[in-house]
């Protein structure tokens, strides 16, 4: 996928308009996982906006975000950085044909305690 | 023969103090809306006689929209309150006669709401375009 | 039949870029009544106007259609042109082919087609225009200023100095407003009291100025030059004419534990109080909610100690009715509530304060006599964090903050930071900012001095959260330049709260029929060309009620508003709008429908004798319109069942003709 | 069958005329046929005794006549008002349309009037009608005497009578009644519940019959304008006869709108319509809307009340919301 399409897709999927950002940094100021992250929330917004998404795809920061939504709550412009992080994350883990498991592998791994609902939502989330 | 794209004819009555100024602001900000909308300036929305609206329909308008100051903000204190009652009653009657209710609208647009003016007009034109030509008011009597 | 001239303006490329002006002129030539049609680069220019005047003379024109910008822009210009050419000014109609055509459409054929139709509508209307002559109404030579802050004070002084009587209505017991609460003023660091209080004294001593303090406007009727205003003087339970402001009552009052509004509730005042030492009028006021005498009928100490016998527990609200020719709104601003900003812990810690509270803390007349001490424990703070844009530029949640920039915060925060470092060099000061906005004379220099000379730490980034822990405030913030998250243990946090219009502004706007924007700031008649006038004639705007402003701007706007008021009051008579309603007596039923809807009470009824076609006479009840009172809204024209009531300039047949022309 | 008789009314009229209380009497006289009753002004005892009639076809509302008659007359005029006429009487007073001092109003209780169309649908060739207590006996050309129940020919407006209470009079004859909780809006509600297409078809069918005779306007007690907009070349809607089909439509919408908030629902428009168009359904729609949107309002219930369309509250519903309200009803 080319750079521009990836940007559009992430914006579409997240419903976030990064142009609304006024670069105040309140998202990063409020972020509890800041020190764990290579790229911080405000950088996420800026990098998606400028289309510099490749480094994000390869960064651990994607998985360090706790999705606590503090940044979403505090952002004075309603940019919702966490949704953007989630959208970038999805574009890594939701690649077509790159499922870590096939459906047939699942039954063997199940234990009886696993709620059905969790399985269904896991499928929904991790396959495409 | 190629079908000509249907363009509705929309008459917009705008009060001088709020909505007409709002339309000007839409222009100042270069906010586009279809040229199908033709604005008639009136001092206040309460100047708009239901007869004007019927006349527009009679002469071939496909939609009529009336814009005034927000209730409570009327330049003349209470004009738009009367408008609100008059138009509520008129629209209800037109609907009662089976005429498409989407052809008429009242919208409150302040002088500061250029964007709202453009958005309203875009929306209204789309709505009337979807209905097509205004036939019913013309036809109401003539089928025997 | 009219002889109509059509004049199509290019407005440079503003119109000609999207509208084929020559085609418009050509098409309109064929319209009934049109005998001349032309186009020109700039119709509003002197050359353009001369072209119109010449054409009127050459072609004997009786009516003009100008296809140009909005009538709100240049209708008056072209009416003057018509008058200069010997025509009645109301024989002009404007087809708005710029704001409502060329600027909103992109394609030439579309724009041209619409411009032609708009032109046709204007021609159809002019065909039915009749010459109109404006009526006249007298001007009451007195002004009302609503709000007694620096804006109101300056406006009142300027008007009064020109020789016109002025009344100031102020809701608080004293004039002075927000400026009286400030310590120093940027960028010169003048002491606010030193420059304000002399002006307050001037107001008090000015023979042309009356102050209605502790009062509010409750009703406004009438129109420009002739407003009838009702002012409620709230009962202060002290006779203003007798009170000497000695303060004995204040000392003796046993009810001392009431939050002191003037010091932002950071200390207490007694139930009977004088807000501050330089208050004008310097008269005590009893807080009815706190006084035991008024609540339970027990005490009466103040009355006993008052040597002047000024205390009057039976005082009632008093209503004063007065006539004014002009009204100036100067209702000012307030900082927004910090209740919704949980992240800044304003409600959890006394040591998180707003900037206005900080002003009081550093003011020599404030709760700490000017010593910078923490509200919680009275200790000197060694690390202070200033947070900018708290609630300003906040588009995410309308309930929480304001979308606009509050404009004054950058400068006063720089001032606070600088003064702190100046007085207490041992204090570390951090300012967290999104942008530092310093447009203004000597403003940026001032901010740079705070950084370069006083060593204030300016950090680009916002504070994310503040957690009170022990006696420190844990501040978590981002430093965007060094790409770090900072953790600071602060002793005091100062929030630069956004400002909003005073709550009294909205109901006042309704009374005045003055329009407001979505933020409750008053709208000006034109954002550039008429910035101190409200669209409602005779109502003027001064200070922060129109938008966020600092003191120099407020004072200059106050002066501008005053000059507009003086210009109005200088006139003996106002020529009214001739586009007013009138009743055709032959058709009037006398049903009173019009009288009921008229917002101005301009319509009256009388019995008149009519000669009928069969030579009998009939007495009928018919309506008549007072031309000085009618404002021309047209509500009556629609209420009238017979169509006897019509509006000049927007007559039934004129509007119908426009409808027909558009729908042809 | 009316409880008040012709003789009672004649006695009252003659009494008032002869003692000088009034100088003229507004009453009914026989027209070409027995059921064809015409309003008339009587000025002598003799005229009254010879020509005055009163029966179940005396439905005409006299209030409107007062506007013209009181202007021309010296002295007072006697008018007989049925309960529904008293509402029109009050409404005209509210609008200052005649001088109350010049009128002597006698309110008369009403049992409901007959609809001549309903009668004609039942019997052909009517020669004369005898009003008996149990029913009317119609003498016909073809079928001899036919007995017709009053209930079978009761006019629609009387079936759905809104009030038997007389709200204005100088003198009352017979018994005063009460405001009735009628079902007069049921038909409007039935139309509202239709789809727009069905409504359109319904009205197209009805209004297509209009011949623009102006009878509805001329009979309507709310239509008393010195100059009607339809007759005024400057009004922009002048058309004495329809030039195209749409103007027909305009006429009825504008007429209904003009009387909205002032119409007392007396039903004269539908009574006089030669094409039997249910014009009262237009007026009742406005009345129903006004009641539902702005609170119950009965025009003419009292003198001086403020008509809903020249009034407002700050919390009125928005024009776009009238439909939502209608949808809820449907």
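By letter and in written order, the chains are A, B, C and D; residue numbering begins at 1 in each of them.
Operating definition for what follows: a contact is a pair of C-beta atoms (placed from the backbone, for glycine too) under 8 Å apart; a residue touches a chain by one contact, two chains touch by 3 or more.
Please read these numbers as outputs of a predicted model, since none were measured by experiment.
Asker: Mind listing the chains that sit against subunit C and also against subunit D?
Answerer: B
Asker: Comparing A-C against B-D, which pair counts more contacting C-beta pairs?
Answerer: B-D
Asker: Name the chain whose C-alpha centroid is farthest from the C-alpha centroid of subunit C.
Answerer: Farthest from subunit C by mean C-alpha position: D.
Asker: Report, in whole Å, the distance between the mean C-alpha point of subunit A and the mean C-alpha point of subunit B.
Answerer: 45
Asker: Using mean C-alpha positions as chain centres, tell me how far subunit B is from subunit D in Å, no decimals.
Answerer: That gives a centre separation of 36 Å.
Asker: How big is the gap, in whole Å, between where the Cα atoms of subunit A centre and where those of subunit D centre?
Answerer: Comparing mean C-alpha positions, subunit D is 73 Å from subunit A.
Asker: List the centre-to-centre spacing of subunit A and subunit C in whole Å, with centres computed as mean CA coordinates.
Answerer: Using C-alpha averages as centres, the distance is 47 Å.
Asker: By the touch rule stated above, which residues of subunit D touch at least two different other chains?
Answerer: Each of 229, 235-236, 309-311 in subunit D touches at least two other chains.
Asker: What are the residues of subunit A that contact at least two other chains?
Answerer: none
Asker: Which residue numbers or ranges of subunit C touch two or more of the other chains?
Answerer: 597, 639, 652, 656
Asker: For this entry, which pairs of chains touch?
Answerer: After working through each pair, the chains in contact turn out to be A-C, B-C, B-D, C-D.
Asker: Spell out the residues on subunit C that touch subunit A in their complex, using ranges where they run on.
Answerer: On the subunit C side, the touching residues are 343, 389, 393-397, 401, 434, 460-465, 476-480, 483, 485.
Asker: Using the touch definition from the top, list the residues of subunit D that touch subunit B in their complex.
Answerer: Touching subunit B: residues 191-192, 196-205, 207-208, 210, 229, 235-237, 245-250, 253-254, 256-257, 260, 282, 285-286, 289-290, 293-294, 308-314, 316-323, 326 of subunit D.
Asker: Touching residues of subunit A toward subunit C in the complex: what are they?
Answerer: For subunit A paired with subunit C, touching residues are 20, 22-31, 34-35, 40, 42-43, 70, 74-78.
Asker: Give every residue of subunit D touching subunit C within the complex, in rising order.
Answerer: Residue positions touching the partner: 71-72, 95-97, 224-229, 232, 234-236, 258-259, 262, 306-307, 309-311.
Asker: Under the touch definition given earlier, write down the residues of subunit B that touch subunit C in their complex.
Answerer: 9, 11, 16-18, 20-21, 23-24, 26-28, 30-33, 35, 38-44, 46-52, 55-56, 59-61, 69, 72-79, 82, 86, 110-112, 118
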